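Going by the order they are written in, the chains are A, B and C; count residues from 1 in each one.
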Amino acid sequence: MADSNHAWNDSADRNAAVRFIDINLRGVGQIFFQNNPLTGLLILLAVFWGSIEADAVYVGIGAVVGLLVGTSVALILRADNDSLRQGMFGFSPVLTGAAVPTFLGNDPVMWVYLVIGAAVTTVVTLAVSNLLNTWGIPASTGPFVLTTWFLLLGAYQLSRLTIGSMGPPALPEAAAAADFDVTAESLATSMLKGVSQVVLVGSWASGIIILIALAVSSRWAAGLGAAGTIVGTLLAIGFGADATAISEGLWGFSPVLTAIALGAVFLHTSWPVLLYAALGTVFTVFVQAGLITALGPLGVPTLTAPYLIAMWLFTLPKPDLAPTAHHKRVKHSVLTSDSANQ
Amino acid sequence: MADSNHAWNDSADRNAAVRFIDINLRGVGQIFFQNNPLTGLLILLAVFWGSIEADAVYVGIGAVVGLLVGTSVALILRADNDSLRQGMFGFSPVLTGAAVPTFLGNDPVMWVYLVIGAAVTTVVTLAVSNLLNTWGIPASTGPFVLTTWFLLLGAYQLSRLTIGSMGPPALPEAAAAADFDVTAESLATSMLKGVSQVVLVGSWASGIIILIALAVSSRWAAGLGAAGTIVGTLLAIGFGADATAISEGLWGFSPVLTAIALGAVFLHTSWPVLLYAALGTVFTVFVQAGLITALGPLGVPTLTAPYLIAMWLFTLPKPDLAPTAHHKRVKHSVLTSDSANQ
Amino acid sequence: MADSNHAWNDSADRNAAVRFIDINLRGVGQIFFQNNPLTGLLILLAVFWGSIEADAVYVGIGAVVGLLVGTSVALILRADNDSLRQGMFGFSPVLTGAAVPTFLGNDPVMWVYLVIGAAVTTVVTLAVSNLLNTWGIPASTGPFVLTTWFLLLGAYQLSRLTIGSMGPPALPEAAAAADFDVTAESLATSMLKGVSQVVLVGSWASGIIILIALAVSSRWAAGLGAAGTIVGTLLAIGFGADATAISEGLWGFSPVLTAIALGAVFLHTSWPVLLYAALGTVFTVFVQAGLITALGPLGVPTLTAPYLIAMWLFTLPKPDLAPTAHHKRVKHSVLTSDSANQ
């Protein structure tokens, strides 16, 4: 396989068409932090498998359209070439492209909306990257979530678009007693669907394909991804979350990303880091519960925001960081001359 | 006109009272990014025309009170003199002063609220400017929006204030089929009201006065402003937004600001920039749709937030920016010694 | 007392167990910005007094558990030693620990939630400190508010947790006419409870103990704290806020913190600063009104967020700050080469 990899990379270096395909496939792989075109190809296969299984092939088509539009806009805007080659401008628009037809009706106007949204996702990727580079933390799928939230919220006001599988907007209520039927099979399918829901499809077969796709590139990524969906699903069951949502894998996908991101991507794997990543993964589940409540009145899904919030909060801490001391003066403030400010 | 400009500027340099008037008029002009006292005077005229036409002259008076309070607080806090002279501390409080009596009832307590709100708007201008200077992007009307949102939201809890023309708070619902009656007249009045709604009045005559005010200072600003309201209104019609809101110009005002800001103010006008500004202007309409949904349960208006969000997202991208790579380690993180972090 | 202070400090330097107690007590004192173990001890006494009086001793126990967990996680993560010794990692988790059993039911699962929440609060303290150090402003109780909001929001989705004294989620309505019965006694108890509500208990006796605790460390802190609750309570009465909430001290606690923070902690006390702090304290009341409206549909309390927002907005302004001018180009933007960008 190393040989075929080598041949592919050579070919991508020399041929612009192959390079464009390579960039797009790496973009898909980067959804799970993998700079690997084969991983991307397998994930794309999983998306199509899951969307065809659900009789919704337009979700897979939307993903591809979003990917091509997003990558093309990055090329037009002359984004940083190294980042582009690694697929850094693909993973957010591919998700925007999968999410819009998942949650909105399959009308012609929706496709216009999707294309504009995917183009904007690339601009937002550049914007959020500039913001977060200040602290050296990654934008990750933040541009996808931000852009898609606006598109989905906006659909409620625009009568030419139809609301699909989201909402209806409702005030939160205390959860009814949970009734998830725990069997080996129900656990396994829920957990595998948790993996596939990262790419907006709920299919245990797609979950398996994605775990294989990850193992091709990194065994740590595959193992931590599996651990993430296990933690997320078990914790949701233990704290009594909605059984249907658990069955659909909706409590697994954000923890999958947090576990991989903290355990093996943004931090250097070690025992302390794995414990820290475990705490972050557990917190992801609570953030998700909180966001479901917060977004309930608006009738839109959390997307990967629970992962993003947990990941940002757990990658921001620095060693030997001195917080601005609570009892000290703010430096050089309005109304306070420097000499008086000691 | 150049001569009379010259005479006015000389007079403002020498005479403190003229200078104070000059600063305030430039502050009004800066709502549309124009550092020009005549433009400001004409816009103020448009505000009074529109508010008198609507039998709500207190909106015009509120704008003037807000302006004077805001500018005075900036003087008291010894804000940067150059910025002050250019009217940079006027445009947010003038809008706070127009918005509070637009959305709340004309009670005596409301005027106390307005004055405190305008004073705070200047503090918030200094605060948000410090925040955003980190990335070299402008605070623009952000301080107006932030302060006014708190004031309007707060009014629901304070029984001595009455809720005027906003709300009632309601959960979002899928939009009913749109029925905007497209005629040359309905289009023209909606689009002109779109221009005037930037200053919280809905009057096609005010819209014409403002376009003239802009042309006095910059033909690009006038042309792009007109283009913005055309794009916003047509897109709202095309996607089926609420017909009454379109007629009132409520889908035009944010795109007006985005089009001017991106097309001729914050970026250097060129064909690629105009295309980029067009994408940003289109996105402004979708952000507005999204914010209407998001704020619906809270019963407060979007104000110019759709413009701000689009403008910030479209001015943040830098050329050859390398996003923090998705598969790299965060530098110098807690739990990770530097030597292990390579 | 100076002698006993000295003996205590010596003992803390030499003995790890005493040092751990000292760090934790200082952490409690830092809720009110006081790096003083005796102040912390008295505040802890006030928390227990208030929680026992309300037949809810588990709130006091929760506070202690949160404190010990939060401080321990800071030690494990090897947080900056000087900050740690000053109690900078104690004041947020102690509040998380008090808030969770205040608003959720006293079930066994709640304690698991509380412990994880307190541990995460320390991580979030490091994260938010890194964010805000960029502008030299303090994280203060931000990590408590952020973490606790997620926990409280999340409880609505997790049926093993029960909702206690918060909510129910409801859309905002215009406030009914207020009927706070103004007597010397009703004012005094409301204002004293305003002080005690900072630590989540509503007891006038606890309020007195806390004012004494503050006076032990700083007379300015005690005086400004008293001024804060007076301003907050009177303004709430004057603008017609809900009478029951006023009686419970819920309109006093955020202004207490703003008054101390702006008047004597983060700015250098002077007449102009006191006026500036007064404006900030008044604005805190309006922000609180706004946040009550904004959070109403979600069924969670504002916690100390009104203080945080006002404090951040009033500590960010710098003297002679030039806002990014409204009519100038953004530097080095995408699509704009530097030479064209003058």
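In this text, a residue touches a chain if its C-beta (ideal position, glycine included) is under 8 Å from a C-beta of that chain, and two chains touch if they have at least 3 such contacts.
Quick caveat, the model's predicted, so the values are computed rather than measured.
S.K.: How far, in degrees, do you have to turn subunit A to put its CA atoms on top of subunit B, rounded to the nearest 5?
M.R.: Result for this pair is 120 degrees.
S.K.: Given that subunit B and subunit C are copies and touch, would you call their interface same or different according to whether over half of its residue numbers are shared?
M.R.: Looking at both copies, the contact residues mostly diverge.
S.K.: Could you please state the distance in Å, as a whole number, between where the Cα atoms of subunit B are centred and where those of subunit C are centred?
M.R.: 33
S.K.: Two or more other chains touching the same residue: where does that happen in subunit B?
M.R.: In subunit B, residues 77-78, 126, 134, 171, 297, 317-319, 321, 334-335 touch at least two other chains, as defined above.
S.K.: Considering only the defined contacts, which subunit A positions touch subunit C in the complex?
M.R.: Residues 77-78, 126, 134-135, 171-178, 238-242, 279-280, 282-283, 286-294, 297, 309, 312-314, 316-337, 340-341.
S.K.: Which of the residues in subunit C end up touching subunit A in this complex?
M.R.: On the subunit C side, the touching residues are 30, 33-35, 77-80, 82-83, 86, 88, 91, 109, 113, 116-117, 119-120, 123-134, 136-140, 149-163, 167-171, 265-268, 270, 272-273, 276, 297-299, 315, 317-319, 321, 334-335.
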